[in-house]
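Read from first to last, the chains carry the letters A, B, C, D, E and F; within each, the first residue is number 1.
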Amino acid sequence: MKRTIVCWGELLLRLSAPGHERWLQSPRFEVHVGGAEANVAVGLAGFGHPVAMLGAVADNALGAAALGELRRAGVDTSRMRRAPGRMGLYFFEQGALQRPSEVLYDRADSAFARLPATAWDWPGLLAGAGHLHVSGITPALGMESAQAALDAVRTARSLGLGVSVDGNYRPKLWQAWGGDAPGLLRALMAEADGLFVNHRDLGLALGIELDRGEPVASFAAAAEAAFAAFPHLRWMAATTRGAEATQSQSLGAVMIERGGALNVAPPQRLDGIVDRIGGGDAFAAGILHGRSREWSTGEVLAFGLAAGAYKHSQPGDALRASEADIRAWQAGGADVRR
Amino acid sequence: MKRTIVCWGELLLRLSAPGHERWLQSPRFEVHVGGAEANVAVGLAGFGHPVAMLGAVADNALGAAALGELRRAGVDTSRMRRAPGRMGLYFFEQGALQRPSEVLYDRADSAFARLPATAWDWPGLLAGAGHLHVSGITPALGMESAQAALDAVRTARSLGLGVSVDGNYRPKLWQAWGGDAPGLLRALMAEADGLFVNHRDLGLALGIELDRGEPVASFAAAAEAAFAAFPHLRWMAATTRGAEATQSQSLGAVMIERGGALNVAPPQRLDGIVDRIGGGDAFAAGILHGRSREWSTGEVLAFGLAAGAYKHSQPGDALRASEADIRAWQAGGADVRR
Amino acid sequence: MKRTIVCWGELLLRLSAPGHERWLQSPRFEVHVGGAEANVAVGLAGFGHPVAMLGAVADNALGAAALGELRRAGVDTSRMRRAPGRMGLYFFEQGALQRPSEVLYDRADSAFARLPATAWDWPGLLAGAGHLHVSGITPALGMESAQAALDAVRTARSLGLGVSVDGNYRPKLWQAWGGDAPGLLRALMAEADGLFVNHRDLGLALGIELDRGEPVASFAAAAEAAFAAFPHLRWMAATTRGAEATQSQSLGAVMIERGGALNVAPPQRLDGIVDRIGGGDAFAAGILHGRSREWSTGEVLAFGLAAGAYKHSQPGDALRASEADIRAWQAGGADVRR
Amino acid sequence: MKRTIVCWGELLLRLSAPGHERWLQSPRFEVHVGGAEANVAVGLAGFGHPVAMLGAVADNALGAAALGELRRAGVDTSRMRRAPGRMGLYFFEQGALQRPSEVLYDRADSAFARLPATAWDWPGLLAGAGHLHVSGITPALGMESAQAALDAVRTARSLGLGVSVDGNYRPKLWQAWGGDAPGLLRALMAEADGLFVNHRDLGLALGIELDRGEPVASFAAAAEAAFAAFPHLRWMAATTRGAEATQSQSLGAVMIERGGALNVAPPQRLDGIVDRIGGGDAFAAGILHGRSREWSTGEVLAFGLAAGAYKHSQPGDALRASEADIRAWQAGGADVRR
Amino acid sequence: MKRTIVCWGELLLRLSAPGHERWLQSPRFEVHVGGAEANVAVGLAGFGHPVAMLGAVADNALGAAALGELRRAGVDTSRMRRAPGRMGLYFFEQGALQRPSEVLYDRADSAFARLPATAWDWPGLLAGAGHLHVSGITPALGMESAQAALDAVRTARSLGLGVSVDGNYRPKLWQAWGGDAPGLLRALMAEADGLFVNHRDLGLALGIELDRGEPVASFAAAAEAAFAAFPHLRWMAATTRGAEATQSQSLGAVMIERGGALNVAPPQRLDGIVDRIGGGDAFAAGILHGRSREWSTGEVLAFGLAAGAYKHSQPGDALRASEADIRAWQAGGADVRR
Amino acid sequence: MKRTIVCWGELLLRLSAPGHERWLQSPRFEVHVGGAEANVAVGLAGFGHPVAMLGAVADNALGAAALGELRRAGVDTSRMRRAPGRMGLYFFEQGALQRPSEVLYDRADSAFARLPATAWDWPGLLAGAGHLHVSGITPALGMESAQAALDAVRTARSLGLGVSVDGNYRPKLWQAWGGDAPGLLRALMAEADGLFVNHRDLGLALGIELDRGEPVASFAAAAEAAFAAFPHLRWMAATTRGAEATQSQSLGAVMIERGGALNVAPPQRLDGIVDRIGGGDAFAAGILHGRSREWSTGEVLAFGLAAGAYKHSQPGDALRASEADIRAWQAGGADVRR
């Protein structure tokens, strides 16, 4: 029987201006439910995995609605807490041409961020699970969240779960409370057997400069350093993005297994992007799915890149696609399917 | 030349579920800009007064948009501050039948509430103004806001401005920081020459029981106590509401001038309410307008009640009507105007 | 074979603020196609009659779209002209409670109004038709339109068609060009065998006071005067409306045939009105339909009133209902039909 | 531990014209997921019960989306089948005044209806459940569905589950295949310990006339007959509806336990109804909830009626309310809750 | 006088998810009326032809609304039947990037498909017409529809009408009833003087392999075979499509007259496609229009291709453009027209 | 203290079909407030300038709403008149691919256009201002508007204000009243120290042919002629546009100061344009802003071009961007800003 994948992190409500409008240009917001780890959970549920979300939402109607959206996508929310406080929000404005999209966070003091590290019963929460996915956003929320993140990955490792960590370094969040980003991220990464990081995130965690002037070489350097620093680490993957315009970008990816050769999936053009948010999370979902299928690293990487790219064709934060959908993308040919 | 009316208080963004839906039943919010004092400001601008809003919004795009909405309604925002922090929000769900509408506040730690009392240059802010309107919501936000409110009304009085205070007692806000609601509200009311309060608000401030079993008698008792307690007070007014159903209510009003007889405007039926939010603020705007016109108290009260009732016919937080619109309402006859 | 009913008059685009909003409160308009005579045409088409609209629209895409809407409703537009100029518009704001709905006309200098009286080939336009319906709005548009209206009804009469005229006195339109409203309306009515007028319209046309203090008696007086003044007249009908509130009104009706007794359909309550525009035109359609079926006057009147009342349950300018729909309304019982 | 309540029946997509428009008056449909039994399931989930839906959806994206909506509402869909065929649909048009709402079914040949009776593994589907709820719509879909319904209730009874049956007699569905409605409904009811039926449904099933000229007396007569005919039956309940207008109706209810007195909850006015669909299903959910709490019959009935009435204040097919929401409704007072 | 063009086939309602959403991602559908032959009819009406639609819709409100949409576009629906059964539907999801758009048919057992071949009075339906257009979708619906299609084209030929046939081979529809697709399509094509087919459709009908590795050569081979097999055939045309991405494709076209040279219109890029559905039908309308104008084959082909490409710039199933619109497209230059 | 920039011209309401639909394809219009000069005013307000709009709106609710929109954007409307008549309108349809967007003007006889030249108190209107911006659209509205335009620029010059003129030659408007376009535009330009014109506008004004076969050379020739003809002229700027497709264009710009070298900003690709309307006005705002900052001509031109291009990424008529937004555009890199 397939074991449950669990993702731990904060759920956010996204409030988007319609179309390409400025905020409040017309008096409406469109709402999506997101969050880096929740997006991975939804993506994996779409690929048919049993997935459970861990975390907490506000104990009000918005929190309940956010849980409902995860359930709608097929994610088990029975282990989620409802805690006092507010829902984290972010406001989103969709750019165009060379006008970038903008994110305005309003997530301070959320029900999730206010929970003490001791609030989480890790052995209970991880019971029956086969894999834990976390991201570097959570420790950035404050010391309690950081401690909880370390507790989570350490307990998971001790219980024999697979552990994946997405770097997701967000300087503004760390600066807000003066947390030791390098130290905490390094400690988090040290428990992972899989990392979604590029040379910038890893260089920060290790305190070394890994930029080799070009994404693939930099990733190779980062991987070498990571395998040296983190003995538990078995694989590492990252996307490479070129953002010429808001709706016209390119997306490639790189992946390496310990002891294996570097796999490079060359950038593909994405002209006419619908929504770029969650592309990295969809990539992560694709990689985790591929690894669970025990495909070759090259196949895993190609699938992950296609999943990440596919997300750009859909509104909302999370990938909503089946494995067959991603396969069709990879096969190419975009005429109407009847 | 007519002198400017200034209103000081917090601006909020209201996020409403469409129609009569539950929050996030469908993934959209409709947005309005509101706030008890801003609603009075917009109402007065509609009646042709020069009005300036005082206060602070977040120094981000949402704050700027909120200011724009006030300007759109004809309110001067040039004295508004833009301060660090977030915009106060509230979520709104429109009920029906005996299902009540619901408000979920998300306004803690707003840019406005975080400002220290010393941030406000009252002589400068009040320069050239003829009247200041504040409400009891602002001191409920915290000690700094409470001190600022007292500074505001005291400076206004010392500069010879008229001062009106709307009671607006909100227990949840006071409890959140353990403020001395009675003492602070009493001190605030003591500076007013006009009060929008009922017997409950006044009883709380004075620490006495004023309920006489029926609204009009209770108001009369409250007025007697208020004129005794507050030597500067010249008039007092309140609405009386019967809420049989969310869309079917009745609204009456009472008003008294020091030394004058009690004026009672009997309740009128409001069947088919569009949006009840801001009804009391529209009433306040109507009363202030009528008093500025030096109408008789009975005329002032009738106009104020019509303004408050009229608001129930419009979506959004603030009354958007001219004096002629209110007059037409009073004249009755609701067939299409061509 | 049933002969075609033709309606002649101006088509207008109606631009409505959404819900109960003020104009441009949010940046959208909803669009309907209307016009007093076109509404009658659509109503009759819904009852299964062959109906043709006569008139003119602007020779641009908006005019073409307006024709398309009539065709959608089953009205023949093949005799319509496309002429230089603009489409007549009107802006609409839906009130609530005692706040009335408002109409803002922007129809001056329309393609229809600019056509000279000589532009209309009446014998050709009326070929094959059995009945012509016009209203008093058209002669109010200017001398050319007034002359054309007289030409229309006189030609119709000479060709043996039935002729119905809806009074629809609009003082603002007449004042704009100083037309002789009484003389022209009287001349128009003189050609009709059926009139939709109340005592006000008829009193104006005949220059006599017909108000008897109450609608039914006034209508009776008006009918007596009308049958005396207009030898061709065979019947006359009118609605009686009580407009306590925008969404809560009452609608009754009266009708009389030359030499017959007065038929009175007592007012029925309409609580929860969706859209009151076009109620009178739907009444006219119902009366014309009933007469074509050769029902008794009482049956005709009851059906006409039900058609007029039914329109209040539908958004848009024109009644969209079958005879069976109106029959079901008359039978009462408003539970879901499955 | 509370045992799961299971509901078995067809899921439908409802496609509604916006506002009070006729179908396709504007080119949009709003979509809800419903079905008599699913509505009960969603209502019960809102009251905090573990609930599982049994049944089948089309094995396409619409079927998957329908399941997602149930999960969003907190209903377990893990026992649902995905079967070849189409999703059942119904089109809905919201009336107003005396214009009734209309339902147009398009559900023939659905994936659910095409399944043979042997497709359902009742012991497995009912494992761990404490109660089964079905309705008389399902046997009306065809012989296989009818047989499956009988298998379901018989297996449930044999396993010791509670069984409730909602009559829901739909003549059009029975006529379509010539099924023996009385015989099959009687056999279904015979297994129930609780029935949601009125005198019409029961009279049909038993082949006797139960109309006593007035709803309460007729229900009493029906209950007497039912307790005589069905030895397993322990209680019976029904709503009584007065439908003066589409948005203005009254709703009462009656309930009786075997050997107990008749409980009558007098009709309450519902003026300003938002959506009447699913009112009976919400009543059923309320009754089942109250009984699970072991309240008195009078309390159960009052709660059920309030739940049924509450549904009329919400758009969509299913009640979305907590026990506290219903309690607040019962307590009365509909002013804004802050 | 220009003679009417008649198109015979099924009308469908298309229900589209908004924007690029998955079905039911948000709870709305946008509705269009389409169908291969109806799209040709609407396109031709836009070019100024008298066009009548032949066929049948469900005898319910949806069928009536579908007819209304055709009339709105200027198509005569007076020869349409209203028959028992349901409207055929299809659900549509708009892709993006390499995510293809998806069509989910729900058209089985429609009112149209259920009609027996004997239901169609071909001499009456074709009276006064100059041309009949049908497609290969209709015979795919079942034996009765197939027989009716043959009756139609044979009667048309015998009455001297022009006949065009669009191949439109849909394997899923044929497989559903096991029809003899090659035989029936060949019999249908044998009556045409014009064919819209490519080498795949024709190869199927004739049972020969016509793929020459590249679209133009394959079409040439197909044309040679077609002129040999079908003595009545005078011309043949097809589009050539390259679908690199959902919103970025290329469209070319080829056409040949019996005895003439092959005309090739090279592919043009379509970057930023709005809606690709109906592109082939718009091409057919353009070709039929051009031929009716007796332009040279090259001019006809260029116009047809421009019409087909133009459709990609418009939402909905059918081209809505005038000849002048297509001419402007051909002339190039896409800046705002004022 | 920065002095106010004043812009004089007509305000228009723009009514747009949703998405890429044809007018009234669905029954809605989206509304924006625009006008060549108002767009410049809004753009400049976004850059932080004190800006006042001069002109007149209809003295009805639409006029008031239009003023509100300007205030919302930060433009002072206190000098605006409200005059009898109608609001100028224009209808807009958004094209796609090679289907051009279309503008249908409905602005004849507007409140603005009906005002006599003597209605404008130029010394009062220009009091305290530092710069006046007008366009060649205003004199095209009629002799009174033309005279007023000349009065405006002459008074401004005599008072020492800077004067900029945007050519904006619109032949249809001039032809409607037979105005002397060359003479009036030449007289207007003669008062400017800055011109936004290309060789076509200038060639028309001066009656000479300035086309040199390519935009840059033609602009150079035009500038030479302009500096010779207009002794007050100090600078001249223009955009160069390539419109390959409605959503895919290129935009460059040229600018020259008297006695300086020609500055050329090469065309940049704009692929995925949201709304092209107001691009030239945004360019003008950018140039005026840059000049007020006393940047080099090259810097001014680059900023102006970026501002003009940026507008293409936003819905609506006017640029809504800060200087920082434009700088970010210039810096490139369009990934999400968090």
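What we mean here is this: a residue touches a chain if its C-beta (ideal position, glycine included) is under 8 Å from a C-beta of that chain, and two chains touch if they have at least 3 such contacts.
What you are looking at is a predicted structure, and each value in this text was computed from that prediction instead of being measured.
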Taking a step as a move to a touching chain, how many steps at least join chain B to chain F? 1
Note: chains that touch chain A and chain D both are B, C, E, F
Identify which chain pair among A-B, A-E or A-D reproduces the interface of B-F, meaning that over half of its contact pairs, matched by residue number, are the same. A-D
Chain whose Cα centroid lies at the greatest distance from that of chain E: B
Result of counting contacting C-beta pairs for C-F and B-E, higher pair: C-F
Over half shared numbers or under half: where do the identical copies chain B and chain C land at their interface, same or different? different
Which chain has its C-alpha centroid farthest away from the centroid of chain D? F
Between chain A and chain C, what's the gap in Å when you average each chain's C-alpha atoms? 63
If you average the CA atoms of chain B and of chain D, how many Å lie between those two points? 45
Roughly how far is chain C from chain E, centre to centre by C-alpha average, rounded to an integer in Å? 42
Can you list the residues of chain C that touch 2 or more other chains? 22, 27-28, 68-69, 102, 271-272
Based on the touch definition given at the start, go ahead and assign the chain network to line, ring, star, complete or other. complete
Chain D - residues contacting chain E, complex: 15, 22-24, 27-32, 60-62, 65-66, 68-69, 86-87, 89, 91, 93, 102, 104, 106, 108-109
How about chain B: which of its residues touch chain E in the complex? 26-28
Which residues, counting only chain E, touch chain C once they are in their complex? 68-69, 71-74
Which residues, counting only chain B, touch chain D once they are in their complex? 19-22, 25, 95-103, 105, 170, 172, 241, 243-249, 271-272, 276-277
Interface with chain F, chain E side, in the complex: residues 270-274, 309-310, 312-316, 320, 325, 328-329, 332-338
